[in-house]
């Protein structure tokens, strides 16, 4: 999983059945100082109710459950990062 | 998932059974200003009827459904990108 | 799998059901001299009881078991690295 | 999937059961001008009868079928690339 | 799959059940001249009896079989590389 910041969202009417009803968030991966990295922005399915500017955990390979699809997902909203330097 | 632009297509007669009947689109990943990135062009199976110059969402690991194959796919046509800077 | 160092952890109350009860470790990938690499920090589910500053093995695609989810995981604590130069 | 060129092959007697009988092709990913990229050479299982200098589509995550293994595979021989610039 | 060279091994007592009994090899990806690449060293489960300095094929996403785990694995020992330049 990566730490990322929610920077926007995407509107798409024509989409796979599997994505219907999903919130599509734009998220940018963060560097070691928790600043957004250049050209490291992805679109992820929201599964936790994240909003703009939230710091989140995103997983590219997360199977929401065995019976559903896999797509890059926001899997947690991060409250605090404890980092030892 | 990544934001990408449809930049062309590929013709391939000799291919895996799993790819028969699929439209093979060339897509180029976009940078933070939504310009095509150098040498970041992929070929993806179209599953939403995308056309040249469309902005799309592509997923490398998308299982169209449990009973079919996995291959990089175009999974949505993007109408609008809302990005907070 | 990659060699990485545990550099911190993350607190997240709002998260996927699949992550409930999991310890979320921040790990930084190591270079050839076993020093942390810049901007190569990930968040991984702990499955072996790793602690701060431990050298660990992490696997991005590890299915803990067939009946559970896949998420980047710390899968071993490394005691010794034998490297031929 | 990526566009790549077949640049050689690999001989390996001692290998996984799953790879027995497979043709192991060396393929190099192509840049935007369809020239081979430096240090982007992979080994892929041939599933379409590709030969030296062929332009092919390769998929890292292609499950040949549900009942068999996954390994990077050559999944199509490309006849023509239509690219809009 | 990538071409890599076995450069060492790792000792880990505390590890996932799925890794018990596995030989954990350090492997470094090779460049176009078959020299080790900087900071491209991984740890892979040996499944073919590879030893130090062997040139091997490694697959990050190889499912050893349907009923077992997935982890980066050494899947073949390479005897000869035929490369057209």
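Which chain is which? They are A, B, C, D and E, in the order written, and residues in each are numbered from 1.
Just so it is clear, a residue touches a chain if its C-beta (ideal position, glycine included) is under 8 Å from a C-beta of that chain, and two chains touch if they have at least 3 such contacts.
Just so we're clear, the structure is a prediction, and the values are computed from it rather than from any experiment.
Peer 1: Given that chain D and chain E are copies of one sequence and touch, is their interface built from the same residue numbers on both sides (over half shared) or different ones?
Peer 2: different
Peer 1: Taking each chain's centre as the mean of its CA atoms, how far is chain B from chain E in angstrom?
Peer 2: Centre separation, chain B to chain E: 31 Å.
Peer 1: From the C-alpha centre of chain C to that of chain E, how far is it in Å?
Peer 2: 19
Peer 1: Identify all positions of chain B at which a residue touches two or more other chains, and write them in rising order.
Peer 2: As it turns out, chain B has residues touching two or more other chains at 61.
Peer 1: Examine which chains touch each other and state the graph shape they make (line, ring, star, complete, other).
Peer 2: ring
Peer 1: Counting contacts the way the document defines them, list the chains around the ring, chain C then chain E and the rest.
Peer 2: In ring order, starting at chain C and going to chain E first, we get C, E, D, B, A.
Peer 1: Which of the residues in chain C come into contact with chain A in the complex?
Peer 2: 7-16, 18-19, 24, 26, 38-39, 41-44, 52-53, 60-61, 67, 69-72
Peer 1: Within their complex, state which residues of chain C touch chain E.
Peer 2: Interface residues on chain C, with respect to chain E: 1-3, 31-32, 37, 47-49, 57, 59, 61-66, 73, 75-85.
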